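Listed after this line are the structures, all set down as structure tokens.
Two complexes, one shared chain (chain A), two partners (chain B, chain C).
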Partner chain A sequence: MKALFAKPWIWSFVAAVSVWLATIGVTGGASTVGLSQAALTFAAFSVLVGIGQMFVITLGPGNIDLSVPATMALAGTVALKYMDGQNGLVLHGLIIAIFIGGGVGTLNYALIKALRIPPIIATLSMSFVVQSAAIWTNRGLRIKPPQVLADFTTSTSLGIPNIALVALLMSAVAWVLLHRTPYGRWIMAIGQSLPAARMAGIAVDGNRFVTYLFCAILAAICGYLLACFSGGAALNMGSEYLLMSIAVVVIGGTAVAGGDSNVPGIWGASLFMFLVVSMLNTYGVGAGVRLIMTGVIIITVILLASGRKDAIR
Partner chain B sequence: MNTRTMLLASATILAVAMPALAETSDKTIALSNNYAGNSWRQAMLTSWETITGPAVADGTVAGADAFTTAENQATEQAAQIQNMILQGYNAIVLNAASPTALNGAVKEACDAGITVVSFDGIVTEPCAWRIAVNFKEMGRSQVEYLAGVLPEGGNLLEIRGLAGVFVDDEISAGIAEGVAQFPQFKIVGSVHGDWAQDVAQKAVAGILPSLPEIAGVVTQGGDGYGAAQAIAATDRPMPVIVMGNREDELKWWKEQKDANGYATMSVSIAPGVSTLAFWVAQQILDGNEVPKDLTVPFLRIDQDTLEDNLANTQAGGVANVEYSQADAIAVIDAAK
Partner chain C sequence: MRISTDMLRIAVPVASLLLLLAGVFYLQPRAMSYNGLNLLFNLAVPIALATIAQMLIMAVNDLDLSMGTFVSFVACVAATYLHDTPILGVLVLLGAIATYAALGVIIYLRDLPSIVVTLGMSFVWGGLAVLILPAPGGTAPEWARAVMISKPPLVPMAIIASVLLAVFAHLLIMRSSLGVLIRGVGGNQRSVQRAGWSVIAARASAYALAACFAVAAGICLVGLTTSADANIALRYTLLSIAGVILGGGEFTGGRISPVGAVIGALTLTLAGSFLSFLRISPDWQIGAQGGILIIVLAVRLLLNRLESKGGAR
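Moving on to the complex of A and B:
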């Protein structure tokens, strides 16, 4: 038990479960299944972008990818436009989305490395280019996804939303990458001290490049799935995932300064972020109070998580 | 002297050729737009091009250029307006990022002798014209419609827009007025959908499990389809969802209508309101007396006009009408 509470991600789960209980309590448990499925579905999207952002943040101070929303919008619009509702082109669409993610990730790191622009500026300016490309490709039109994809993203297997299963699979891959491969050790080492990592012979540039690439590809896949889930791509569909992708990483107990990351916390934080809004909506709290409450609750969770860390160190 | 003679001659020829248009044929009008990132704004810009292109070609005005700021920031748009003053436009048609923050720049433009016509996102500076939307009535009319189709009343779910924005408060106040007028309705839940289908879908999916049966959903536009998606994912009966003229909403409505006779209505402002503002600016430049406050007509779609409107709406766009010079004169006369 003590070991469990020493985990950095535990507080996000404690928060998610308490909010979940408080919400279903209103209806005496009648909303349990509906709320849980909705929470898993919407948390899955935050998890996908959150994992990518977590790898980037692991790289250490100053590393962040602000092009996530624009990448989602571009990947979603281009893939849906290409598939044009035809079931046979589902895989082609996914490959296009992944290529778009790869392109954005490569350009992001090219700006950071070749032009020596700080990541926050490089990815922000890249997001303008990408967003404009998304506007230019389809002028804000909303094209329906192929029926098989719409069905897949909105249905459940054994009571668990398919989207959540996809996110779970990606999380497992991310966990293995982070804790069981040299790549994971290397990016943790880079995050803890870049000069030390370089002296230890780690290929710093290669690893950073792969990380930005990975983040952009995950954002693109998320945009592809979200567009299919919500019945069409929209230019503004990624906008709330900019802050969300960073928030779930921080609430999940990953060190903002880099070098110390964990995957489970992303899940706890994503579930929590959806449930806290649902809870406050369910209690009928006004928008102003709701935003304040959301902020206060997030700060509390972060304080709890970081307080524990200090105790250990 | 020579130039002057030439100008005089061409003016005389123009005056003979098209006497009604001579007054503004050398005038330029600029569109200052704060945001282009959604389908409504894209349709607004397309309408502007569709109407002003021929107007420039046939010499009604000398130029009608559209400019959009990148960041949806009032400071950026104020700088844009200052540039337009320096470039010497005769009129600026403005969809403003803020009702008050641009007042300084707008006053500068007025002082430079430039006509400023704000629409949709209006400015409070008294020297500018305002083509405003009666958002309160838009909210109230939704409840009135529901009272017609659901005489026994019931529970309503309200989907609001972006918290803290003037438009959201106005439409919501109108809905509250409507509920006071028709007390058989009760708002049992309220979420913010940010005028985006995916945000609305997420918010509705989150509150739905805790709600009793819903008879109707009142919306602000751009959120009806998301609400329908969220409700369809449960085993609840489909309530009457008031739509907001988006193509995906109308298409979904049409599918339901064909399948089971589903009935609702849809109301919003046509993005072509930018062309109404263009003609109003042209009328002012032409020397006509125009009241400072004008009201935009709603574009309402009902069960019997659904097919026509859907056929005229671009896939993925918004139901639209473009206004003519005659329409603008009619709106001006109505306000006098």
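Moving on to the complex of A and C:
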């Protein structure tokens, strides 16, 4: 029990469960299943982009991928446009989305490496270009996703939303990558000290490149699924995931300074962020108060997290 | 004559601005008039103010992800309270500036990541803006409107405002002892502390000054648009960071250039117009800003390489 409470990610789950209880307490348990399924679905999208962002943040201070929303928009738009509502092209669409993610990730790291600019600025410049490409291909079109995909993303298996199952699978892969492969050790080492990692003979450039690639591909997959889930790609569909992807990583107990990450916390934080919004909605609070509460919660969490670090010392 | 690093730092942004301006004039000679210049640079004034604000935060090695929502919040306050009940409006804005100063202190005392704290604050400012102005509207204070549309003889208002801002910011940050202190905190916090200065006071004043410039940005923006909206300035977060970097500033070490930051903001604004004069579809406007950012950084890297080669000889 004590070991469990020492985990950095446990608090995001404690928070998520208490908000969940507070919400169904008000509704009298009437919408428990609906609320839980909705929470799992929407959390799954945050988890997908959050995992990618987490790997990038692991690399150390200054490493953040700001091109996530633009990548989501471009991948969603192009994939839907190619599939054009035909069920037979579902896999092709997914492969296109992954290629777009791969392209953006490669260019991101090419900029970081070739121009030696901080990752924030490199991914920011890249996101401007990618966003423009998305606007250019989208042209206000709203193409319906193939029926198979629309059904898949909006339905459940054994009571659990399919999207959540996909995110769970990706989380498992991410956990294995982070904790059970040399790659995970390497990026943690890079995040803790880049010069030390380099001296220890770790291929710093290769590992950083793979990480940015991974993050962009996850964002692209998320964009593909989100476009199908919401019945069409929209240019602004990724915009809320820029701040969300950073917030869930931090609230989930991953060190912002890098070098110390965990996967489960992203789930707790994503569920928490969605449940807070639905709790405040249930209480009939307006949009303004809801935003303020979200901000206050993020700041409180980071204050508490810093206090915990002091206690350990 | 030996070219110093500082001069080189400012040379690239100046050259890129002049090049863009020459391009615009070549494509559309009519822009070379009083009204033409005013229209080209009108919207650059609030962006330049926000860029100076972001630069002050970056001078102490932090980053403000809430700049856009804060300017939007100020715009909403300016279009409502500041217009209807000026005293209350001034009090609200002073409170906001005090909040910024407090944030600077808290981030330092608890050793928090500024990115996450300002991320949280961006939700708070956004929520407050929605509460103040749930739907677009409000009225700009008459004096703000009068200043922004005034037509001084010979030189357009937008140019005068930009030059005044550049000179004022230069004197304040590069020439005053407070400015030196703030940049010193960014350069080496410990040595500033050992020299007997209060790091808390320096950080608080850096954040408060940044808030003052951001408040000015919001009021200017409302003066131009005559009414406000809770999402009016969301782009400013990324634009202000890009402007600082474009103008020769860096993320760490207190290495900043106020004149460069103003020029960076003007360049980013001009990039959009340049493209529309080229008759390239407006879809690519954001992309052009990204492209220009990449090109300028590439040129700067090249110049730095040449310089270090020259130094080694």
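The definition used in the following text is that the second predicted complex is superposed on the first by the 310 of 313 C-alpha atoms of A that agree within 3 Å, B and C clash if a C-alpha of one lies under 4 Å from a C-alpha of the other, contacts with A are read in each partner's own complex, and residues count from 1 in each chain.
One rule holds in what follows: a contact is a pair of C-beta atoms (placed from the backbone, for glycine too) under 8 Å apart; a residue touches a chain by one contact, two chains touch by 3 or more.
Keep in mind it's a predicted model, so treat the numbers as computed, not measured.
Participant: Based on the superposition on chain A, does the combination of chain B and chain C result in a clash or a fit?
Facilitator: clash
Participant: According to the stated criteria, A:Ser157 is in contact with first (chain B), second (chain C), both, or neither; which is it?
Facilitator: A:Ser157 contacts neither chain B nor chain C.
Participant: Looking at the overlay, does A:Leu35 come into contact with chain B only (first), chain C only (second), both, or neither?
Facilitator: After superposition on chain A, A:Leu35 lies in contact with chain B alone.
Participant: Looking at the overlay, does A:Gly232 come into contact with chain B only (first), chain C only (second), both, or neither?
Facilitator: Only chain B is touched by A:Gly232; chain C is not.
Participant: Is A:Gln131 touching the first partner chain B, the second partner chain C, both, or neither of them?
Facilitator: After superposing on A, A:Gln131 lies in contact with both chain B and chain C.
Participant: Go through the superposed model and pick first if A:Gln86 touches only chain B, second if only chain C, both, or neither.
Facilitator: neither
Participant: Determine, under the contact definition given at the top, whether A:Ile143 touches first (chain B), second (chain C), both, or neither.
Facilitator: Touch partner of A:Ile143: chain B, not chain C.
Participant: Considering only the touch criterion stated at the top, classify A:Thr181 as touching first (chain B), second (chain C), both, or neither.
Facilitator: Neither chain B nor chain C is touched by A:Thr181.
Participant: Check the residue A:Thr282 against both partner chains and state whether it touches chain B (first), chain C (second), both, or neither.
Facilitator: The first partner, chain B, only.
Participant: Where on chain A do the contacts with chain B and the contacts with chain C coincide?
Facilitator: Comparing the two interfaces on chain A, one with chain B and one with chain C, the shared residues are 128, 131, 135, 139, 287-288, 291.
Participant: Can you check the complex and tell me which residues of chain C touch chain A?
Facilitator: 63, 65, 110-113, 115-117, 119-131, 134, 238, 241-242, 245, 251, 281, 283-291, 293-294, 297-298, 301
Participant: Report the residues of chain A in contact with chain B in the complex, numbered from low to high.
Facilitator: Contacts found on chain A: 23-24, 26-27, 30-35, 38-39, 41-42, 128, 131, 135, 138-144, 154, 226, 229-232, 234-237, 239-240, 274-275, 277-278, 281-282, 284, 287-288, 291.
Participant: For a test of understanding, state which residues of chain B touch chain A in their complex under the given definition.
Facilitator: Where chain B meets chain A, its residues are 36-39, 41-43, 46, 70, 160, 163-164, 189-192, 194, 196-199, 201-203, 205-210, 225-226, 229, 233-234, 246-248, 314-317.
Participant: Mind listing the chain A positions that touch chain C in their complex?
Facilitator: These residues of chain A touch chain C: 62, 64, 66, 111, 114-118, 120-121, 124-129, 131-133, 135-136, 139, 243, 246-247, 250, 256-257, 286-299, 302-303, 306-307.
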